[in-house]
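As written, the chains take the letters A, B and C, and residue 1 is the first residue of each chain.
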């Protein structure tokens, strides 16, 4: 039984005598409806960019059948090795308990905590010590369709050290830096439409300190005619969120198409079903944001992608999250302070569940 | 750290202070959840009206500011977390609204000395307009609660605002 | 060909487009139909352009009076040839003069639009024009100015280009002439597009339509990709000299790569990956080669692709065995899709391959029956039916259907939509092949000259000949075609060819092929409207049009 399906330990659920707010990462309230969702998302890139990982632990409200009262939990882990592609688990990755989250309070910065994710076939796997170096952004919410919403909150600059398993290769003491996010809400995939999301951390600076600069962006593109896109670009400097560019101040553009052979479909079981053809992934993504004298650009080239096929509860077509790794150049100026860095970033292009 | 260990580290003064904060917190949570449940009840009874109201309000700068603050303070998690609080009808009942109407009128008088925001005759009928809090639906994590809170506020203060409507508009006439 | 003058550039462009983008040529020819266009370039060179069926013919002035005459100065040539700048920036007053009937002038303008707007998207055409520009800078306007350091950004730059992401992509990255190293895709330019400009959202998954691509380059890439897969599938073990080396050597003789391209392109057009289609494409090649080896024995052919047939070189026994082994390995290649494509698609592939093989052997049986019973079928339809079975399925129809299955399309209704268009195109292609066998250059065509006549093959020309020839001459021709392959002399074949010329059989066959090809293109556009307009579908379109435009 995956660890995340087991009841949470007492230390996790005990309410302090003097509680002035939620302990996190999610409010203690039962999921009741079939499209209620909660996710904890993790994405890391090793400092040498040779290894990358993306993991998602998801809870979905109970099914429609009578007596099906328990939420369903799935967890998937993808590990990427540059030049060798992706290695992915099914949706039953075994997770450590409690799941590490920067949104669990109280949470001291730079105090490492464990996160273990292991495929039932033992590969891929990660056994990490995670530590915060930065502060989260404001919780943000996109609502659409008209009674659905997706709420997310990001924290970048998360430092990871530990063991990575890719196929039959084991890499010890890998130093990585990445991103953590909590997502919750109520939505169906066709109504959600799709999103483009990603981040990049400046690899410079001290290894146990926050990255000198970090960039996180989100663009949610609902499909309803009356629904407008929600999006933002955020820039951290030395662990603190310095600028939040709202949606009117950002633009996104793409060019070209990623060679299809660079896209690997996961999990393996998805190939047994009638999964519709994949959408073309852009080759290049450009984001610019400007507010007053502050500006930032994110110039990203897609290099390798994994298509994670997620069954849709309300449509015949599955929803696909394309996890993409590639080089990126970030440059900007915040409060008169210019910065620029080249690194690798992880971008998600997600969508495809609409039957129409 | 467990809650008992946590309590051991704090002085009696700390604990008293925190207990006070918690009381205020509990009150705030009860008020927010009551508003949200009223809003939800209104939405369930008048789905089209609720949708239209939200569509109009979504362009209102104060609506956007409220949304930003609501998200910034993570009130949704705060409202949903743990056992649902009891209803807080006493803080949002007829006399409370009358007190609020009085405050608004005083405020307006101080500001420009013009017409009162709330007409005296409305003042007397306010209790009739206070929503019935019995059988309000409970909150669920599938809701974007900011919308329900906004609708709840509208339900609660609608009588205050009716006087502002055009004299020949249908909305300005009290229900007979 | 040296491209020093504007007239030479136009001819080179049309030649390139004929090979790389037949659909563009067909569309341009459609506009120009019936008009002789005289072109006077600023460098003093001249050309004439006219349409011949779906082909464009460029010649020097040949004395005929053009219906429309166009005078360019050097700068106006950019209107036709420069993708990097908009035409409106290039047309200066007094730089372009067009004379002729109003309707014909408009038709000429539409022809230019097709050639310049659709043709200029091809990287290969851009490369040709860039070479001309570099060699003749004095005849060209100022080059488009690009920043020296295309990666550097700063507030100054932002104020120069605006701050939108679209501007950055348009202004900071020069269009790349070199094709991306992919099998399908990257042969044409695609503009940057906005996903979010602060107010309007366009889903990332909605790409602009691409209606053309580079047929030649992509076909070569597909062929190479499947050849590599073919070599991988053939085992590296003994007996090499008597079996596996023969198998490895045989595909090296393969032709243009039509089948692999159809399979990969259809897979990609429906959203699949090249990688998903290569094993199925290699399997078709293995079946095809297995059939050819056996076919050559049955036909007593001596040469294929300019080399001795396998049984000629190694004896009938080894050849039969090698053909059997190829069919066996083909089954293996189809089954090897299980771990990658999964059970449902692999079963679909097996079903389709079985159907393809059944059609092929039935077609072969019908044709061999005609020869064995010394009969010539009465109607063209008999030939169409036989040709569809014998070659249409494995050459055109099944490769497409297999590609669709590889992409995950297993709905029989959708798969059947590929059948009619490619059935017609397949027959037209086969008739053209038969014509080329009579008229074509052996080196280009790859088969022995008049081989079909020596074999006594029942082609549309042969059927027409026996239908149209005077009854008193029929017995003599029947006597010739009843001779066995070894009994026939080259002079016998030439006698039949002369009779065909006499009654117009070849012209008749060309017209039949043309009619079928046009009907096939029409069905392609109608039946396959459900396939999204992407570069892979553009490739299928080029193949469909290739039949209408290839030189005969």
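By our rule, a residue touches a chain if its C-beta (ideal position, glycine included) is under 8 Å from a C-beta of that chain, and two chains touch if they have at least 3 such contacts.
Remember, it's a predicted structure, so these values are computed and weren't measured experimentally.
Going by C-alpha centres, which chain would you call the most central?
Located nearest the centre of all protein C-alpha atoms is chain A.
I want to compare two interfaces, A-B and A-C. Which one has more contacting C-beta pairs?
More contacting C-beta pairs are found at A-C.
Could you put a whole-Å number on the gap between the CA centroids of chain B and chain C?
From the centre of chain B to the centre of chain C is 70 Å.
What is the distance, in whole Å, between the centres of chain A and chain B, each centre taken as the mean of its C-alpha atoms?
Chain A and chain B have C-alpha centres separated by 35 Å.
Can you compute the centre-to-centre distance for chain A and chain C, using the mean CA position of each chain? Integer Å is fine.
44
Would you give the residues of chain B that are in contact with at least 2 other chains, written as numbers and ranges?
Where chain B is concerned, no single residue meets two or more other chains.
What part of chain A is in contact with chain C in the complex they form?
For this pair, the touching residues of chain A are 193-194, 196, 219, 221, 223, 228-229, 231, 247-257, 259-261, 263, 271-280, 282, 284, 286-288, 290, 293, 295, 297, 299, 329, 331, 333, 338, 349, 351-352.
Using the touch rule from the top, collect the residues of chain A that touch chain B in their complex.
11, 14-24, 26-29, 31-33, 35-36, 61, 138-141, 143, 146-147, 149, 151, 184-186
Where on chain B is chain A touching in the complex?
The touching residues are 2-4, 6-7, 10, 15, 18-19, 21-22, 25, 51, 54, 67-68, 71-72, 74, 76-82, 140-144, 146-147.
Please name which positions on chain C make contact with chain A in the complex.
Going through chain C, the ones touching chain A are 151, 153-155, 158, 163-166, 168-169, 173, 180-186, 190-199, 201, 203-205, 207, 268, 270-275, 340-344, 407-410, 534-535.
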